[in-house]
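Look for chain A in each of the two complexes below; its partner is chain B in the first and chain C in the second.
Take a look at the complex of A and B:
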């Protein structure tokens, strides 16, 4: 149960099925735009308009991202499609909730970071207890053998029970969070009045690919210029997002030199390809890959696929003349591939190499780069990688 | 970004090293606001072309006090080399036994890697 979206029913929500229903209710919409049930139909066409939340974000060229500072917009973009990430949190912006929770120190509801920290502390304590029990049992066996010549199994007590705790049977000895009923609600109100309110220093950060998808493919986001706060037109956004990858001296809205291998374009092709197929696409830096694909979203199940974007130049001359040094554009080594595959198979993800073909400048005129119509000239091909062990994989 | 309180602290360094500005801003916010490090200082590492952050890292063990660590931010799109890492060690006075390299991405995920000089035996 999240502290960021607390619900009034506390007892019913502790059952797993109720939690699942609650999650399905909050994250019901896969995209920010909602298509309501048609109330009027004329000749089979629905006349109700889709509900568009019209969110706003501020472009920040230094961090190459768009910031959603309005918490209502941030909640909508996260809950409908898992766009963006809180810049001080693991997933949705929960920093303010954690600070308020730390102040109140009641700890009845925990954010995901606090749950993880608590679980790690408990696991550490369990390992210490287990090591102590193993050492004690081994010492006892030693003593028994030395004095009486009797060999006893170290881990089993005389009556047959296990002395050494296992992960399933160990319980934490100290309860860090008091579980008794909290005092009535007027006490937190008094605390809030005494201490000044904490300023929310967190925002939801959208990568340039997510922001462009929301602007161009879904038309539910407006991007503002960082200095003038004026909404940018689609053409200005197209130029500014490509300029963000040029050296930092380039002015924001200047026309970028037309290059098919601009890092924004290459990574956007991959992002758009998988998003339009219905996957939720998030950053994969924790697993040494470019993107992770979730079937419904991070709150439902772990990601099934890990995508590595490999750009391929149609014309090698373009690569030689390129001002950008794209990652993975050079032939890779077996050790690199093996490392990434091993990391991902340990976390039960399938590795997919996604080859993006960059069109040759000699074949395609560079004026197509003035609009997103240039995407038609790229192609995406996937290669799925799995480790084959002939001795073990016989079925 | 100019309205963010961290900009007041980092403004000069961001202007001096614009290429690593995004990574520094993100790591600074993560350490001061989310991880709650104390005694934060900004160090200028000219050899690496960026600024580093030195501070006291809070620990959950009650027997150890907070330890001082140095974090060098860099972005995922950069390529770094061992000579770069060596320069980071030599530029710091006194030369630390280990530094943390913070790798940032555009969606604000940060991964920290501990880099030590030479082979280090893992703790028992």
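Take a look at the complex of A and C:
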């Protein structure tokens, strides 16, 4: 459910099925390009043109990201394909909505950040309650033992029910429930204009992989030079994005040293590969991995797969000469693999080792690196990793 | 270590776990609640179930109740450990260890273990008239012998080059468990890690055999058919040829492919104007395991690589005949987790090369049959390129086209992606702690979501 779009917020209190339909409507398009229903088709030919939104972003080489400052563009890129994240938000740029909520001071239409904060407070309260109940039960059992010599199981009432609250049944008591008789939804909009309107300070930040996918593969983003604000050509973007991973001293648009193992290229290969298969690809740094794959998008369901990008040099000599220390290029230890797998199985994600081969310089002439044509020389192979538990596989 | 604790247990450990317990995270958490032992514990030791932790330590030391509960648990534990662990002389087997050939010759075989362990081998045996002739006899590999000795089912003597005619002639005491470990680990490619994996899986009831026969008389599954039996190979080749033609033709219609702008949406072709087509046109990076990864080294995998399949694994429910074992359920590589790194892509490719392809998992059975989907192109997802050709072909020659696979059995893409196409189990053993991982050949390129 989008919280930025005002129409969705007004319907947020309706039934879950209606909310789901609303979500499906807002996020109906998997890419920023829209194909309108053809008015007229003849022999498989039609004249309707796809609608391309042509968004704009400003390159920021220091943060290695592209900033979409126009909130309309940001909404398009987020709602159609879940590109980028708000710089002041967890994912969807919801800072403005949060500020407006805070000003209205009522618990309706919470943003996802606020819901999380509320849940954490409740969880803390539950743990306190439980600890209190357990201490009381233990004290009671102690008294019973001392006075009557009886051993009773602490925490269980004489009739066999458990006194200690469990997470499944415990309900918060002190949290105020928002009253149903709140004023109709159109008043806040008026109020908002009466009070000084909040200026949206948030921008959508696109990773370089996302920006390049939008620029090159979909042709619906223009990237501006950080100083001159002039649109960059594809060749300039190609150089600038690779330079972003070189030392910060390199001039922005200078020709990067032709290397197949530039970190931007390797991570873009993985990003593009899974995007082209229809997955929504988001950063997975919170789960020890490089990318997370969502089926339709983060608003619909949890990520299903966690991708670890593992660069594989075709020629070990290239690795020895490389100025980059690519992550995961060195062999993994088993303890590190266990670490990643534990983290991800805890959150019900399947770990995928995604091996990207880096072409040998001796095999592929380095002049193909002057354009994205070099992508044809890389290759992607997945290995699915799961624990094998013999005790559970017996039948 | 105390010798009394080393004495073997006659109880098969597998029978005491119940299914609910297996759902929990295995051997990893909690201790044993000894007070839950049945009172017969002193006669026959039984592994107790785990209980909950009763209390947390109270600040200011333990209370009367806590001390009482602790004492009770401790007494129960000692009662359980006090039980005599004995074995009936009727179920004990006897054997002789021949270090020269790294085998134990089983002279008296008793008990159920020999249905899944041991193989017969012809060895020259001195006959009564002084000559030698080949005679078949039951032999054990080192890991099988240690396993039986450790659990007290086998009394094994070491061959001392004496003239062994009958059991009565063997002198001295049988080998101790320590001696068996010292003598047999290291023989016939057996490492301590490999033994630990073997013993763990055997205790769970799995049948475990060597993948590569250590001697010609060792039974191994028949070799798999090399070409995996693809009946429609001609059809498939034709399909791929046509799909190449199709890409070329459409490429021509759309204008030549341009690396500056990879996405080409034709203004005219209505078919082009869908997200499926857009995504498909962006899939131009080589992917998948069908082509081996290139390497500039002549030997991408070092000859010293520990990644070689060592054991075949059969589930306990397998109808297993040890003289003609079927194809295994799993194949296992055993490595020392401290000495080996996670396998490289080249090592994995080498392992996958010898493994069979497993079909995608079937969807869970539903109470009502799944609705038959009308569009065959959507239903048969994996060979994503075949659709146009198949449609034209079936229109031209309806009788020749193979019927589309029933959509009712279309696997769930998530399940298929998670299962992968080929599976290898790698057991990484770190000083006795075994972690099993299943590495599967992923096939994301065959299951696009759009």
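What we mean here is this: the second predicted complex is superposed on the first by the 348 of 395 C-alpha atoms of A that agree within 3 Å, B and C clash if a C-alpha of one lies under 4 Å from a C-alpha of the other, contacts with A are read in each partner's own complex, and residues count from 1 in each chain.
Note that in this section a contact is a pair of C-beta atoms (placed from the backbone, for glycine too) under 8 Å apart; a residue touches a chain by one contact, two chains touch by 3 or more.
This one's a predicted model, so the numbers in the text were calculated from it and none came from an experiment.
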Legend entry - Clash-or-fit label for the pair chain B, chain C on chain A: fit
Legend entry - First (chain B), second (chain C), both or neither touched by A:51: neither
Legend entry - chain A residues touched - chain C or chain B, whichever exceeds: C
Inset, instruction - Would you check which partner chain A:217 touches, where first means chain B only, second means chain C only, and both and neither mean what they say? - result: second
Inset, instruction - State whether A:379 touches chain B only (first), chain C only (second), both chains, or neither. - result: second
Inset, instruction - For A:88, decide between first (touching chain B), second (touching chain C), both and neither. - result: first
Inset, instruction - Considering only touches as defined above, state whether A:254 meets chain B (first), chain C (second), both or neither. - result: neither
Legend entry - Which superposed partner A:65 touches (first chain B, second chain C, both, neither): first
Inset, instruction - In the overlay, answer first, second, both or neither for which of chain B and chain C A:21 touches. - result: neither
Legend entry - First, second, both or neither for A:128, with chain B first and chain C second: neither
Inset, instruction - Check whether A:263 is in contact with chain B, with chain C, with both or with neither, and answer first, second, both or neither. - result: first
Inset, instruction - Please work out how little space separates the C-alpha atoms of chain B and chain C at their nearest point after superposition, in whole Å. - result: 11
Inset, instruction - Find the residues of chain A that appear in the contact set with chain B and again in the contact set with chain C. - result: none
Legend entry - chain B - residues contacting chain A, complex: 1, 4-5, 14, 18-19, 21-22, 25-26, 29-30, 33-34, 60, 76-77, 79, 103, 105-109, 111
Legend entry - Touching residues (chain side chain C, partner chain A) in the complex: 17, 22-23, 26, 54-56, 58, 63-65, 68-69, 200-201, 204-206, 259-263, 265, 267-271, 273-275, 278-279, 282-289, 291, 293-297, 315-317, 330, 337, 340-342, 344-346, 348, 414, 417-420, 425, 428, 430, 435-445, 447-450
Inset, instruction - Spell out the part of chain A that touches chain B in their complex, as residue ranges. - result: 60, 62-65, 84-89, 95, 121, 201-202, 205-208, 210, 226, 247-249, 263, 282-283, 285-286, 325, 327
Legend entry - In the complex, chain A residues that touch chain C: 29-31, 33, 35, 38, 41, 44-50, 134, 138, 141-142, 145-146, 151, 153-154, 216-219, 234, 269, 272-279, 295-296, 304-305, 310, 312, 314-317, 331-338, 341, 350, 352, 355, 357, 359-360, 362-363, 371-373, 375-376, 378-395
